[in-house]
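By written order: A, B, C and D. Residues from 1 in each chain.
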Amino acid sequence: MSPSDADAPAPPPEGPPGGGAAVSRREFDALFEAVRTWGRWAAGAAGRGAWNGVTADHVRGAAALVRSGTVVPLGRPWDTAPGPDNARPALHHMTDLGDVEEPEPSAYKDFLGADYHGKSVSHLDALSHIGYRGRLYDGRAAREEAGAGGARFGSVAALGPLVTRGVLLDLPAVLGVPWLEPGHAVRAGDLLAAEEALGVRIGEADAVLLRSGRFRRRRELGPWDPGTGSAGWHVDALPLLAERGVALLGADGDSDVRPSPVEGLHSPVHALALTAMGVPLLDNLDLEALSAACAGAGRHAFMLVVSPLNVPGGTGSPVNPVAVL
Amino acid sequence: MSPSDADAPAPPPEGPPGGGAAVSRREFDALFEAVRTWGRWAAGAAGRGAWNGVTADHVRGAAALVRSGTVVPLGRPWDTAPGPDNARPALHHMTDLGDVEEPEPSAYKDFLGADYHGKSVSHLDALSHIGYRGRLYDGRAAREEAGAGGARFGSVAALGPLVTRGVLLDLPAVLGVPWLEPGHAVRAGDLLAAEEALGVRIGEADAVLLRSGRFRRRRELGPWDPGTGSAGWHVDALPLLAERGVALLGADGDSDVRPSPVEGLHSPVHALALTAMGVPLLDNLDLEALSAACAGAGRHAFMLVVSPLNVPGGTGSPVNPVAVL
Amino acid sequence: MSPSDADAPAPPPEGPPGGGAAVSRREFDALFEAVRTWGRWAAGAAGRGAWNGVTADHVRGAAALVRSGTVVPLGRPWDTAPGPDNARPALHHMTDLGDVEEPEPSAYKDFLGADYHGKSVSHLDALSHIGYRGRLYDGRAAREEAGAGGARFGSVAALGPLVTRGVLLDLPAVLGVPWLEPGHAVRAGDLLAAEEALGVRIGEADAVLLRSGRFRRRRELGPWDPGTGSAGWHVDALPLLAERGVALLGADGDSDVRPSPVEGLHSPVHALALTAMGVPLLDNLDLEALSAACAGAGRHAFMLVVSPLNVPGGTGSPVNPVAVL
Amino acid sequence: MSPSDADAPAPPPEGPPGGGAAVSRREFDALFEAVRTWGRWAAGAAGRGAWNGVTADHVRGAAALVRSGTVVPLGRPWDTAPGPDNARPALHHMTDLGDVEEPEPSAYKDFLGADYHGKSVSHLDALSHIGYRGRLYDGRAAREEAGAGGARFGSVAALGPLVTRGVLLDLPAVLGVPWLEPGHAVRAGDLLAAEEALGVRIGEADAVLLRSGRFRRRRELGPWDPGTGSAGWHVDALPLLAERGVALLGADGDSDVRPSPVEGLHSPVHALALTAMGVPLLDNLDLEALSAACAGAGRHAFMLVVSPLNVPGGTGSPVNPVAVL
């Protein structure tokens, strides 16, 4: 902050109801600087961002977490119906019903299509998905790196798969509620309290999955527009996550609390995670079964495998991540 | 066989060059009967076929194979260019280049689409993909189970993810050649010889990956039409694979040798694996990096994770399977 | 009606509010028989149905109607946003922004996609679009003629373009209202009254366009679900239209009044027009500008040109029909 | 030309075989200046370019050309098979086969998709399709006007339909050959000779359709890559076409002769017509039936109706233009 700012008394933190303390653009930019890791990796590897920090040791450590052999998929059903949380419904077309290709045998085939970024498809955001002030992660000029042919930097093909320790931050379980209400901001203090309550400590190369209970709420109350209200991280938790060295943030929303607490920014956590920290995001996971599995097992850490489609120039990928307990 | 057939001396087995011994339709049907497992699983679980046999023990056993922490993806690049092995090229369209959704931050988004069954996209075949004589796995009537809305039985959503032991049958390594020529049939005896040479024994719940070196050949010699010529399993190997209780067959082709050695059937291994045995298939994997990794590690067994997209009614899914050594 | 039906007192005609008199399934089937023209055309030409009756004389007559040279397009904007009347939004993706193909010159390209049948895209229904009791037009077995590869009979490619006289039945203009309310049924008597009021008589080979004012209402009141309520033809008008020998029915809805007045049938006018009479339909036209042009010109007949895309096996096509006054 | 250029003797015009006289970039730029009509139309109308010059008189005049009532569609079949002239095959997927929407009646539906610019789909190029030296027609900055959301200037929705006089320049008929060989350049003198031979004079607001016989050649000899060799206009014909005030250029190729005779430009006629003159193009028309119809009728002028889909922001549209004789 400039001296004149420092002289003025800070305005009382007033965010939108439930969205957490309001953050000015200037404060956000300071946060961005504080967590940014541009230049940390060799130029040729920068497109993988934080995943460069996931070593063979982390992989081995993740595999060593497998005890019960319970396999929990986290991907939502491919949703072809429009709705308040599905503005660009996915496509599923049968292209052969045993009558196109010559039998025998008869073949049944289908076409899948999706403009998967949004609020419905479970997907991974690669580093090329978000730019801030014209820059992608590592300071790359967005206009140079992204075009109609795809992303030249930070594509999902550069990421490849991730095998690491996953940690479920099951906030509703911690708070004893069925779900967090839309607009509920999860702040740094909540993270620390959740670690304590769940008996887990987030560390280097972890994939942190934030459960808000969105899909339980959706099943019980029906869909709503998460662009208007969703539970998610407040930006003030990002420095702590950065300090811990996380490799991936995932959520049953898209990690951002909405309405956004940051003045003039619709998705500030996206900018901090992807653009500043080089940390990919997993959006729209269904974490209900994992919540039950972790509760049943009495532990919230597990092997997580995320394997995006190998799309050169892709800004992300639909995925069906797997937790193995 | 009818009496008059029995009287006549059997004609010498003459297959297409390299395609292995010719198999009559009658012999094929006997094979089909021999390996079929219809009725083995409860009706509600039958759509998962052989994956019902993958237990928590198998998952734990697979995780225990992780030693070096080397992660090897097996998915080919999403290919939008038509070619002799890509008759229905995949789609990749950028739908936001920072100028559609309101900044800040700016968003880069894309649409992915594919009629993924075929010879290009790395994908999983669910049990609804193939029918024989009007029947899907477990004897379900194909006409009742598959329609324009998708597959009611044997969908990929029923499968979910697989975590099990993977075994790479690296035939070119065994034979000391860079690749198998298109048309090369891998027979039961070759399987036994490969096990011996590689020091591995295929067993219950294994995912068997057959490497022919297709993508090394493609990189060196250019693409060709695998419908005309591809290396793959001869049907005579299937009883052995069935006896061993495999859960999944994968290949850098689509598991079938072509030209097909079976009279009147274009994809007999598909019919045996999917329709008779309930064993899903992984097609068009790039196994070159895995070959090198296994050679380097001196072992050909590893943890394999396959996580198809969660598509209700889908006959399969593009995937990027992961081997972890 | 059979004698026993005639003995019984007819129930009072009670339709849904505004939907017109209720029609039993038996009455509908009698209507179907009464208007059906199966066998009228040679087998090779049957897929064009009523368009076989549009002769060179009709084309010349249509061209002779051009006086002011006013050209009025009837196609709605391609709508990529979901809504109550757009359950399967169209796709529009830019595929080159001057940066994919080598310049110079620079090229800007796009992909268009639509599952166009529905309530949003202006489109033509070919004869393969609708079957009744398992039969398509001309009595063809629907199951034999339509498959995953497309329609073998009654495809839009068989239709080709239509040039004929168009007649706008501007019901709101006749009734002095801004629009017909959803559920308003247009009956045979309304047709005769409209002819009288507009000074036009529908005849052989005409394309009859029914305006309900849907898109004026939509612009003023917002969208609604036309599946629940839409103004359109009551089935009792179809015998009169059949008698007149019309070639095409078009509307700003989809020709059917909804709720349907016919017991157990969601789209009875579709069945009568397409399946019984071989008369293609034009759905979701924007007739507001044409209404103004006809009012201004003081006449409601004009040259109409409808030119569907040449899709072999297609069940219809998005179109932008043109009226020329 | 600079003085030093002027001093040097001009090299003999040597183009690629058949591609016509070579044209330097400097000569091309002079041509571009000579034919450009930037600023001719009001800013709000500029996106329609030369179509602003098509008046009600031209429409009436076109309708008056209808004599025999023969209707000839010019659109090629929607082609879903890749090939040397179809690098991005169109999509056609059945989405209902009577089993998705509730019967009765039963509905048969399909999805159509195409990245239609290219060498296969019959389509209209709107003015936003091509830029030269960073500028679209009327001098608009391409980078400002085209983005992932579509074209803000020169979209196909701005064009709407065209009804005007069409003239078929049937070069093979004039030359007494079955087709022009790929690479054959049609020059200004050829245009004059064709007018003479066919008894027609191209004038204000005409749509000029150049037939090379491409699709007859394709049917007899099979497909080839038109990017490597195609018959079409040499740039030296464009000043004459501009002088005549044409509204539209169409062809069975894409109007450009290839290899391009212009140094460093792959599609110089596109740049002259679309970017300099504001004249839309019709590509990949099948003109074989029209050739026969014109020969039969003994005249090469007719009413042409082109009605693109109403796609806001679209750079063109698949079309099925109609000639009526």
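Following the convention adopted for this analysis, a contact is a pair of C-beta atoms (placed from the backbone, for glycine too) under 8 Å apart; a residue touches a chain by one contact, two chains touch by 3 or more.
It should be emphasised that the depicted structure is a prediction, and the values quoted were computed from it without experimental measurement.
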item	value
Shortest walk length in steps over touching chains, subunit A through to subunit C	1
Subunit B on subunit D, rotation in degrees - Cα superposition, rounded to nearest 5	180
Subunit A and subunit D, separation of their C-alpha mean positions in angstrom	47
Length of the line joining the C-alpha centres of subunit C and subunit D, rounded to whole Å	31
For subunit D, residues that touch 2 or more chains besides their own	91, 94-98, 111, 115, 147-149
Residue numbers on subunit C that touch subunit A, as the complex places them	81-83, 86-89, 91, 94-100, 115, 147-149
Touch list for subunit B against partner subunit C, complex	91, 93-95, 97, 111, 148
Interface residues, subunit D side, partner subunit C - complex	55-60, 63-64, 66-71, 73, 75-78, 91-92, 94-98, 101-102, 104-117, 122, 128-134, 142-143, 146-151, 157, 160-161, 163, 264-268, 270-271, 275, 303, 305, 307-322, 324
